[in-house]
Amino acid sequence: MKILVTGFDPFGGEKVNPAFEVIKKLKDNIEGAEIVKLQVPTAFYSSVNKTVEKIEEIKPDVVLMIGQAGGRFDVTVERIAINLDDARIPDNEGNQPIDKLVDEEGLTAYFATLPIKAIVNRIKEKNIPASVSNSAGTYVCNHLMYGVLNHIYKNKLNIKAGFIHIPFLLEQVLNKPNVPAMTLDSMVTAIESAIEVIARNEEEVKVIGGVIC
Amino acid sequence: MKILVTGFDPFGGEKVNPAFEVIKKLKDNIEGAEIVKLQVPTAFYSSVNKTVEKIEEIKPDVVLMIGQAGGRFDVTVERIAINLDDARIPDNEGNQPIDKLVDEEGLTAYFATLPIKAIVNRIKEKNIPASVSNSAGTYVCNHLMYGVLNHIYKNKLNIKAGFIHIPFLLEQVLNKPNVPAMTLDSMVTAIESAIEVIARNEEEVKVIGGVIC
Amino acid sequence: MKILVTGFDPFGGEKVNPAFEVIKKLKDNIEGAEIVKLQVPTAFYSSVNKTVEKIEEIKPDVVLMIGQAGGRFDVTVERIAINLDDARIPDNEGNQPIDKLVDEEGLTAYFATLPIKAIVNRIKEKNIPASVSNSAGTYVCNHLMYGVLNHIYKNKLNIKAGFIHIPFLLEQVLNKPNVPAMTLDSMVTAIESAIEVIARNEEEVKVIGGVIC
Amino acid sequence: MKILVTGFDPFGGEKVNPAFEVIKKLKDNIEGAEIVKLQVPTAFYSSVNKTVEKIEEIKPDVVLMIGQAGGRFDVTVERIAINLDDARIPDNEGNQPIDKLVDEEGLTAYFATLPIKAIVNRIKEKNIPASVSNSAGTYVCNHLMYGVLNHIYKNKLNIKAGFIHIPFLLEQVLNKPNVPAMTLDSMVTAIESAIEVIARNEEEVKVIGGVIC
């Protein structure tokens, strides 16, 4: 099995992006699966372009995208990507789409095609807090997740794909009171645990879910 | 114009549901629009059934659904409903669907068809905190929002619809430290402001949006 | 009975200070007690000087000080003032003491001499969230509370004194996501409830207290 | 130099207390200082008794007390202990003092006699979030801190003492959404960094402090 793992470069004034810091530390082979690592720009259009190019080049079985969700407390496995860009700040290439569709001819949303609750469970078994998230936001992360799932759907590719958000690194919150953070080691363990579930082709589990509202 | 406004009965151990408390206090006519109020059960299937019956009976121009999102800080106008039920606790009729589609033949998601940012702006002009939300969760609120938008879509009805979440009432958090809440008066003002925007047929505004991730 | 109630002017970039907004709205006579209102500067030394001058002028039975604690969720009745100034930003007169004693010859701390739990209970009976706080911080609020209690102690005055913190007003958090706030009306009700307890000379109650640590 | 480091056993339904888990992992000698480790019960009166007995037995130069403050985001170095017990739940020996003085003949409060800001700075240099706290609460942690500082003061002992609170461990929050936590390794690094500052007899630094209110 071949797994493409993507991570963003830094944005929003931060000096590092834990997403790519994590990826750099991943093993190259996990449970027999070959791990191909790709740094993508924190930019709406080129993040998708670069990932799609790599998909065409290496023809992976799975695309696992990693991004930062500063302010979240735990590792969150995204359930769904929506057909909407709505940017509070410009991306690294100056784009700031507001209330625009990602793809004017795309579906309204796509569910992740990875076993998200099995992944959450495995991460928690390693004593790292994790949960399912029902929104990847409306910035570059959601855009990339939507873009990749949309590309796979439109081209009828036999590729599974999903997105995992990681919180701030400890070093990013030293002067931000009451903002949650995590060590890089915990993040690496979480992502490697997720990849184990994927590499072993584990099935989704139907366990009781998330937050009420 | 005729606007159907729905609110849930209490659930999850709470004695009141601010959603229906708010509705009871709404004026019967706002900016020329007739307001029809409907209490719906906090139950997956009967909430949709009851609302659809009322839609067929009174043939409204707009359906505005109100629900409680305990733990949120402000009034949140939902952008999208997704085709998924995932219940952490049973509803008031004992249903607890886990990772099930709302409608096996429905679209993956529907966007609200109300001017959500114009509504957010108007509420904030009244000095009440409000924002766009990208997830109505996976419990009864999302189910009702999805169910109503799905019914409208499938039957090609000329009805606009959307969902607004309100936080806890002050009285609900007296013994819960560090949980945000709002007065009933602020909630009523917020919902009446939303209805003003709808009743005046105001257009959506393209303003800079929500939280990054 | 004569009660001196103080409130600060705005600071830290805020346009209003709910502390004085509240005071302006208080009734002039509550349960037979005469209410004397005093705006004090958000400044370490002159806030105490101005309050002490007023104490000498009107000889109150009680001094109730009101301040803003942005970020807190509820109305907090302070239990203790400590002999320490430690300012993260300059006050309105440019003073920024760091790790300095309020009074080099003062005690380490003074407890409030008001029935703090009776006050908390009364406020909650009015459906407004309230709790006892064990720290008034190390900025101007704590300085004023310490300064007044220290003045009373050193001069053996027969005056009771205490401090109540109120959260942000709704209008202050319109563009601050996930920051708690309260309406002015709720704040006024809370402070008038506190004054009722004081004016009636109610005794302290021994009820189970606050947060663990 | 001899440093007595105390940590509590588990309480409040938790299975572990990170305080003692941390202590077990500390090196026995840090920067030339001998580290003596003591587990103390989460109990008002016996925690002080046991610590005072050990002080008399081993005659340490410093007493560093470690406790858990579940819900806090970072490592917090306590500035002050107050003469008050106010327990929301009973301790492990069934005591639940409400609004009682720790010592009827003691001072109102004692400042820690360690260089708290130098300690905070050193911990942050290791990329671990830390800050000064102005309240150790009113439960067993504050009681022990007060009790030890009071014992030292009354007996004119030449011993320095202070208290550091650590957050929940990751494993403690796996099923608690939106509660901050930290790895054991980060906590051990934080406490060893604090001990380095103490062992080297470093002086306090006057840097800009904490949160405003």
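Letters A, B, C and D mark the chains in the order given here, with residues in each chain numbered from 1 onward.
The rule we apply is simple: a residue touches a chain if its C-beta (ideal position, glycine included) is under 8 Å from a C-beta of that chain, and two chains touch if they have at least 3 such contacts.
Remember, predicted model here, so these are calculated numbers, not experimental data.
Colleague: Looking at CA centres, what chain is most distant from chain A?
Modeller: Checked the centroid distances; the maximum from chain A is C.
Colleague: In whole angstrom, what separates the CA-based centres of chain A and chain D?
Modeller: The mean C-alpha positions of chain A and chain D differ by 39 Å.
Colleague: Hey, how far is the Cα centre of chain C from the one of chain D, in Å?
Modeller: Roughly 29 Å separates the two chain centres.
Colleague: Just give me the whole-number Å value for how far the CA centre of chain A lies from that of chain C.
Modeller: Here chain A and chain C have centroids separated by 47 Å.
Colleague: Touching at least two other chains at once: which residues of chain A meet that condition?
Modeller: If we look for residues of chain A contacting two or more partner chains, we find 211.
Colleague: Touching pairs of chains, all of them, please.
Modeller: A-B, A-D, B-C, C-D
Colleague: Under the stated contact criterion, what part of chain D meets chain A in this complex?
Modeller: Going by the criterion above, the answer is residues 73-74, 124, 127-129, 131, 170-171, 173-174, 177-181, 183, 185-186, 210-211.
Colleague: In their complex, what parts of chain D are in touch with chain C?
Modeller: 12, 67-72, 79-80, 82, 84, 86-89, 96, 98-99, 107-111, 117, 132, 134-139, 141-142, 165, 204, 206-213
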